[in-house]
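Below: one structure, written as structure tokens.
Going by the order they are written in, the chains are A, B, C and D; count residues from 1 in each one.
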Amino acid sequence: MTASADRPLGVALIGYAFMGRAHSQAWRTVEAVFDDVPPIARSVLVGRDQEAVTAAAEQLGWQEAATDWREVIIRDDVDIVDICTPGFLHADIAIAALEAGKHVLCEKPLANDTAEAERMVAAAEAARSRGQVAALGHTYRRVAALRHARSLIEQGRLGRILQVRASYLQDWLVDPEAPMSWRLRKETAGSGALGDIGSHAIDQVQFLTGLDVTAVRGRLATLVPTRPGDDGPEQVTVDDAAWATLELDGGAIASIEASRMANGRKNELRIEVFGTEGALAFDLEDLNELWFLDGTVPVTEQGFTRVLVTEPEHAYLQAWWPQGHVLGWENSFTHQARDLLVAISGGPAFTPDFADGLALQRVLDAIIVSDAADGATVTL
Amino acid sequence: MTASADRPLGVALIGYAFMGRAHSQAWRTVEAVFDDVPPIARSVLVGRDQEAVTAAAEQLGWQEAATDWREVIIRDDVDIVDICTPGFLHADIAIAALEAGKHVLCEKPLANDTAEAERMVAAAEAARSRGQVAALGHTYRRVAALRHARSLIEQGRLGRILQVRASYLQDWLVDPEAPMSWRLRKETAGSGALGDIGSHAIDQVQFLTGLDVTAVRGRLATLVPTRPGDDGPEQVTVDDAAWATLELDGGAIASIEASRMANGRKNELRIEVFGTEGALAFDLEDLNELWFLDGTVPVTEQGFTRVLVTEPEHAYLQAWWPQGHVLGWENSFTHQARDLLVAISGGPAFTPDFADGLALQRVLDAIIVSDAADGATVTL
Amino acid sequence: MTASADRPLGVALIGYAFMGRAHSQAWRTVEAVFDDVPPIARSVLVGRDQEAVTAAAEQLGWQEAATDWREVIIRDDVDIVDICTPGFLHADIAIAALEAGKHVLCEKPLANDTAEAERMVAAAEAARSRGQVAALGHTYRRVAALRHARSLIEQGRLGRILQVRASYLQDWLVDPEAPMSWRLRKETAGSGALGDIGSHAIDQVQFLTGLDVTAVRGRLATLVPTRPGDDGPEQVTVDDAAWATLELDGGAIASIEASRMANGRKNELRIEVFGTEGALAFDLEDLNELWFLDGTVPVTEQGFTRVLVTEPEHAYLQAWWPQGHVLGWENSFTHQARDLLVAISGGPAFTPDFADGLALQRVLDAIIVSDAADGATVTL
Amino acid sequence: MTASADRPLGVALIGYAFMGRAHSQAWRTVEAVFDDVPPIARSVLVGRDQEAVTAAAEQLGWQEAATDWREVIIRDDVDIVDICTPGFLHADIAIAALEAGKHVLCEKPLANDTAEAERMVAAAEAARSRGQVAALGHTYRRVAALRHARSLIEQGRLGRILQVRASYLQDWLVDPEAPMSWRLRKETAGSGALGDIGSHAIDQVQFLTGLDVTAVRGRLATLVPTRPGDDGPEQVTVDDAAWATLELDGGAIASIEASRMANGRKNELRIEVFGTEGALAFDLEDLNELWFLDGTVPVTEQGFTRVLVTEPEHAYLQAWWPQGHVLGWENSFTHQARDLLVAISGGPAFTPDFADGLALQRVLDAIIVSDAADGATVTL
């Protein structure tokens, strides 16, 4: 199922909204930037509406457009299925694609519920034994500054991790008169701020520290409980803000906060990791910067150092521009495509995989269960 | 009991460690800076050790030294009793001084437990009817930038408050080999990070928003559970980090975090207040700056504005230096002395008073109770 | 000479080093992001080495490779010639391409000397009458935050401009033992820090304020005068730092500083514009942010506002990602390609044009003349 | 000439406007904070108006008030004469006080012209042989962060200094309709932005690097040339902005910029020092912070470190509050008083002295001469 020697790896992208556009940009760019990837073909873009998907394929640079993902995922010229649909379709498409022998890249969240996620993990495990890759798109793991953060922690530069703070704040719902929408109904959206953006914060905690969550206490709130609907005020049924404390393997504690009501915070994923020997801080709104405290230098010289993570020696950066020429949000998707292609070519395994996604889903579920149990600890 | 027309108000300061030195600096400075205060005399400094207190009185600029606070607080030439002792002495001294007809300024925390605090409030209420002031020293309320923050919120510039974040992070216990001390034993210290610094964060939430806490969920942790003691490893019996979510009157939620293990954070009281119309952010390590988001200007011009709170039009600043000449941590104590003297002279009442201190104590207690109840909501 | 109705505009890119790669990324991306551009074909990449240019064309996504730019620029299927060669080739290629009826995009600097630049302007003027576009690639004009800055100044939000500060600091030559190279010899490099990066600072001064430079005083320095060469120490014959003051039309003064020796500054183009009603500040290392002071709001609320220039209402941003998803250095090249295509399609004229490049060259020349004349004022 | 064994050193302060108030605060505080200083008496405050100076002496904590400085400086109980008058009186008072055998602290600028300054230096040299101290009040040398900067450079942590940038920006004259005043007339003010604040920038360059200025090129400008006077528009005869480049001993170059028209910059003395091994940055609006680049650590970890200069190990800080409790602008005056008292008591000599002030005056003069000579280099 991998590309034969004489043709490039065929990619099928399903979905062309926000995430589909970002993935398209990555697939269009990856070969031009990285020289350690196998050749690919942007074979087919899949959407429901024939006319719209045809136009999108032309604009975004795909060879063909199609409307039936079931037909596409079994095509011989398709090697990689990249799933950028709404979450409720992830399980069906991913499992079918894996069963059809394809490599799969699935946008986060892995699934809308744990049962689905478990089926996906099973399918991924079976596929792995056949040499297929099942990758989960937690793209922020490929921000160079966060990759560097992970590396510093792995090297022991922070000592023993004591405490983590991770918050993801946005403000697009801060207007209480913003109308009701499908994103604010549990049956369509699955969850609110916790699942949408809190999940990134939690994924980073585990990614950066390398520590599993062993127990949680959580709280959810709907700060604007009703919004204007088509027929008058309507109940918002997902959280618009969430808080949790996570116990990590070994005793460290992480605090999590997610909100869509934090006026003035546009896309602020802020992470601080504190250890016995050092600390790190990061803000997604300044994503080329990592702040590193080396607690072992003389106290008169200690402080957080603003490292501009654009040196050729930093992960991914050799392939881009000279030092000081900053990257943007989108470039991490190119890194993700690159790492996936390298994994498919027999390089290092791609993480996070579906099992990581399931583990994350279980943490999110535990937070919801804890909140429903008046904040009681839920063990994982 | 107030100063007669022909002599200044006599101040007695009890305690001359860190807080006593800061208060001394304020009493020494207040008349030189503010011209709307009655004259004072720095009459007497009280401490347990005759020789040490005599030397301290000389260095810090007090007319006399004394060792028995009971004698001092009944002296006719003493009008104000300023209590900077360890917390366990607050109640006895404050109640006796109030009963002796004196004005009292008591450093935070008000008391070591709620029962004591309630007795203090009763004494303060009785004294108020006699025209005495009983003031609580939550000095950060007098940082000019926070006073300005309060003013903006009072004016409605943030609209309805939705969400608050307040963290107080220090790092002086980050070394796991730092030895055991009285501050780490519950019987001597009362509490750990929560009471020591988390209390400032909670006080600010109530001060800035003007909203009462109605319910809490809390979590405490001792991240380094044993430390080297005189006879081998000893159990730490106070929290070294704490987290809570507070429900505020009207439905807003505040998150609180306090830690003494946040490597590289020296004295970082960071506060963010988010409302429907605007937002504010503050960091005690840059205490002349207030970051204000006006969410009503065109979106292309929105963002947090760094206001350097040093204009003559800002609270307290007219009395100091020209614009741009920044103040330090200590100056807030001078503001506190000024506001107390103005209140004693019949000006606006001093807040926080003992009742505010009791209310804060009840929030702290509730957090501890919640933690002990596995995170369950505790209503106030 | 414009694309016929039935085929896309053919682009020929000459050069594929750093700038060529950045332009390739832009040509590959522009149609996918912007829907107001005519279709293009990435027809041919030109380089001197057949094998290398063929590999580059394949990697960077060009249909063909070629080695003789003279043949390429007269091809019927080529409509746009994009010049990313070393500066000494700009004039020959640009003039020939314009004479061949092609639109031209020329990377900065326009030329290596003023005589060349004048010939290029003449060619561009002749071509303009034939409907051709001759564009100069001062890409930073297309950073969204700087475009927003220009817009605020045009709207009069800063009042009358009094003073500008623009510095471009890098550090890649800070090691005194870094070896001699062609970039450090006047005969090959033309100039040093002034021409290479100071030119960006000066271009921004004129772009942002809309004011012409009327006179200059300048100073150049070679802070490390000799470096290791192949045959022992060799004289560095270009400046590695430069300073100037520029008088602007109407009396404002701009200070300029450029350096390759500013340890720790990786790519720091920092610009401050001060007017009677407001001010602006920008730093290329945080290129999504514009700091705006509105001097007309009450003084208690004044300060620099950090505007994250990622709103759909900001220039270019509607076409990219949702608010808060920051762009990188490379995206400005896509904006440049878009503006060029729009200009070719009859939209607003592209600036800067060759005449702007000549005007800039004259400012650079005047600084060099001033330095040689011991700092005397040189009038333009 | 020094205090006899049985009485404190008597201080006479001449002037009680802005600087006099700041010095009063220092004299009131120094003994309480530092325990290595001899006892002092705040003996007498001198001003021209009897009533006003009496009120000021009472408010600011001086034992007596007087109106004739000539009588005061010869009093036996006066040991130190602190001169905070307008600059044109500095020479007369300082020389007379030195001749009367007193120690002198003179606020900057040393004098209004070089001839005066030379006479003062001569008087100081004669006095030094008698054991008297003649100190110049360039207070910013006593900001702890700048003292730490100096120490790092002295230790060689920056390697060889290549380049310095120092700007002092204020905005209190940005309104073109602000009326004419004595500060804007050359005959009363001596000079404008250059002498007033540019002098601080230049002093820091020499203080931090330890390098003398050997030659300058300068430019002055009056950006608002006429202002409303009592009888219609009046000519401003001092500079309101100034720029210079300074050659330093050994070849480094410093750029200087001073302005009172930089809208939004309240008191921004910003300094950057770049060396072959490291760099430093400082901003007076955040005066507890020093940004230090150690260019010798691995490039992936390099960047400017925000050092909060509040550790007991930092200069002066041991005497103040615990780490993280930031100081304000005024505290540097207390440091200055302490260093003066220590010098008088036989400790390390106080710098800057009058000779340093004369050297600085010569640099300022050279800049003015250079500007008048159309920017020509003036050698020192």
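Here, contacts are C-beta pairs under 8 Å (C-beta built on N, C-alpha and C of every residue); 3 or more make two chains touch, one makes a residue touch a chain.
A quick note: this is a predicted structure, and the numbers were derived from the prediction, not measured.
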> Of all chains present, which has the mean Cα position farthest from that of chain C?
Replying inline: B
>> Contact counts by the stated rule: is the higher one at A-D or A-B?
In response: A-B
>> Report the inter-centroid distance (CA atoms only) between chain A and chain C in whole Å.
In response: 35
> Distance from the CA centroid of chain A to that of chain B, rounded to the nearest Å?
Replying inline: 42
>> Centroid from C-alpha atoms only, then distance chain A to chain D, rounded to Å. What do you get?
In response: 54
> By residue number and range, which residues of chain C touch two or more other chains?
Replying inline: 265, 302-304, 308
> Which residues of chain A touch chain C in the complex?
Replying inline: 18, 21-22, 24-25, 28-29, 31-33, 35, 59-61, 170, 172, 266-268, 285-288, 308, 310, 321-331
>> Quick check: in the complex, which residue numbers of chain C touch chain D?
In response: 158, 160, 162-163, 165, 167, 171, 174-176, 217, 219, 221, 223-224, 241, 243, 245, 251-253, 255, 257, 259, 261-265, 272, 274-279, 293, 295, 302-304, 370, 374-377
> Within the complex, which stretch of chain B touches chain C?
Replying inline: 148, 292, 294, 298-308, 311, 313-314
